[in-house]
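Handing you a structure now.
Chain lettering (A, B and C) follows the sequence in which the chains are written, and residue indices restart at 1 in each chain.
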Amino acid sequence: MACDAGIDCVLPLAGVTAADAHKVAYEAVFSRSPEDLASLALFIGGSSLPVAEATLEAIETAFFGSMRVSVMLDCGGCNTTAAAVVAKIRAVGELTGRRAVILAGTGPVGMRTAALMAREGAEVALTSRDLRRARAACEAVCARTGQRVWPAEVSSASMIHDVLEGAEVVVSAGAPGVSLLAEAESTGSRTLHVLADVNAVPPLGIDGLDPTFAGERIGERRLFGALAIRRLKKQVHYACLSRLFERNDQVLDAEQIYLIARELESECAS
Amino acid sequence: MACDAGIDCVLPLAGVTAADAHKVAYEAVFSRSPEDLASLALFIGGSSLPVAEATLEAIETAFFGSMRVSVMLDCGGCNTTAAAVVAKIRAVGELTGRRAVILAGTGPVGMRTAALMAREGAEVALTSRDLRRARAACEAVCARTGQRVWPAEVSSASMIHDVLEGAEVVVSAGAPGVSLLAEAESTGSRTLHVLADVNAVPPLGIDGLDPTFAGERIGERRLFGALAIRRLKKQVHYACLSRLFERNDQVLDAEQIYLIARELESECAS
Amino acid sequence: MACDAGIDCVLPLAGVTAADAHKVAYEAVFSRSPEDLASLALFIGGSSLPVAEATLEAIETAFFGSMRVSVMLDCGGCNTTAAAVVAKIRAVGELTGRRAVILAGTGPVGMRTAALMAREGAEVALTSRDLRRARAACEAVCARTGQRVWPAEVSSASMIHDVLEGAEVVVSAGAPGVSLLAEAESTGSRTLHVLADVNAVPPLGIDGLDPTFAGERIGERRLFGALAIRRLKKQVHYACLSRLFERNDQVLDAEQIYLIARELESECAS
């Protein structure tokens, strides 16, 4: 994607440990000239959020005062995706006090979505088939952001019914091609009025939610499909990459990337 | 070579397993926008043909309908080299019914050359110092293409004499700097009328075959040296790379690459 | 840095062994066209000088006559840094017969600095906290260049006093952020008249030596700080990178890089 975005040189470094990351950051800063600092940025990808977060910390320890380069964390596209989802949902209404459910939220995208929704004032439940994994994810969210998110097990149809009880917003954050919410289940709820699904690969996460829906109204509901979310996600991603090279001191993690997503979403709307 | 050919970004990924390959292909397709699919292609290199073929299969399983990117397999330059050799030989005459010998043919280049010649109707023998390796290579060719190729052991001067008995075409496909056919042996044959050698590093695979020969006639014979073959191979390689980015659904393996080689060879001739 | 310098494609290869290096060099030469040889060059980085030197040797064995590509060795920036330091010091006076001390000189930068100063005729001592490491470094310098360099242990204040006795030039070549010479110690010497420090990260290697000093005179002394050295180092690095692609037969190691540094330093001075 960095190549798509027109970055001149992309140097992939695989299997980077925290110690490697420190060294890479150190050499990015101290082997090069101060005037070149803004021409290089570090992008933390991979698929494990704990590893990505440890990498970001290790990178920070290599910097000294203004001797630093910009850094972006987006492992598995977690921040750009979560920022796009929450910005889209936020654009159709305040989240303060709203009850939200993040289905299959233990992955990077789910955890970041839960944290950003909680930060907007929502009461967030994060589900998993395995309660312990849900708890671990909620604790990790809290440890990083101070936001409380409630864990919930969803390993049967009755459990999903319970979890959706009173929920107003539901985001399906599961793996591609895994169905999480049957049409009957979502239709049955009287409170639900925003549904979003990040999975574009059939079967969809939320059965019947057209991936191209970009906030379409069906009855009382607003629907956000994976392709519409991905379109904003891509714009956010490109805007972030561009931001990285404007200065040498950007740190783009969930919160900063969310601000960029909100700006872009409001520009689109206007 | 992709850099030489002017590809904007080349991201080398080393030590890729089949599982990695699936993931890379998946992310190349599903993390990016549909409109960007043709801007990225996967190139399978490496030196092991079985690994390359397993990688191609793993990549194919990640694609879904039109959600795919173009792929080229050319491990160790096997397809572009074999395509160039066979296109050059084919350009000086039909291969149907001809007896051909691929010397030291158990490597990727040899196996692809044998398969393409067999597909053109030749009766192909593939040699090795070790009969079991020759058999394994022939079985692999047959498993992939359905073409029958005959294994032959060549571990002595008398054996090469036997193998060349009645052969009309011989291709030396061995490692660089390994002599496979002495001048006396080739000169002795009455039936041989096409000789080609892919090894440009002295000692040559076919003693006395000038690497710059591009189909030169010596008596009844047409001779193709490694540098002449490599010139066409490079054109084929560049044409394939260019083809990869024209659409997002190309799969360039032996057969497709051979068609491109034949087109280029006939353009040169005309 | 190669990206900063405008190189079109930079392909990082990690964890390269001598066997890998041979193969990479072989394929850089023999898979590509002779007319493309000057468009690719090999850069040996990493942090271990013995590994870098073994890599360079392995690469050389892959070349054949004029079939070669240009190569530069600069592991940990050792050659460009050492060349810049010695060129700057040499520019303010002959080194023949001068007594020089390389503090903490067992790393790549220290060893290359010691070798280049010895080659200019200086009597060079190379220090370490550990005498055995100092000895090993001096032996490695001698094995490669034939230049004798004297090992010295510096593990206490009195030892540094002894080592500086009669020294005219001191170069601090230690790790970033490690103080090696207190202000009182350097001020106390009557013979010292050139001081240079390659460490720009506080605490500096030589206490009180302003990193921006580019040969400033303080009393009888000429002072070279890390930022000034790094400025020339960068010019040298860029000039070398550019040189690599002018022809296909450059081998840029300490001596060749030093010549380039001297040219650039004299251009700056004039």
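Just so we're on the same page, a contact is a pair of C-beta atoms (placed from the backbone, for glycine too) under 8 Å apart; a residue touches a chain by one contact, two chains touch by 3 or more.
This one's a predicted model, so the numbers in the text were calculated from it and none came from an experiment.
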**Shared interface numbering between chain C and chain B [over half = same, under half = different]** = different
**Complete:** Expressed as a multiple of 5 degrees between 0 and 180, the CA superposition of chain A onto chain C rotates by 120
**Asked** In whole angstrom, what separates the CA-based centres of chain B and chain C?
**Response** 46
**Complete:** Note: chain A residues in touch with at least two other chains are 12, 14
**Prompt:** In their complex, what parts of chain C are in touch with chain A?
**Reply:** 1, 3-4, 9-10, 12, 14, 77, 176, 200-201, 230-231, 234
**Message:** Under the definition above, what is the set of chain C residues touching chain B in their complex?
**Reply:** 8-9, 11-14, 30-33, 36, 39-40, 64
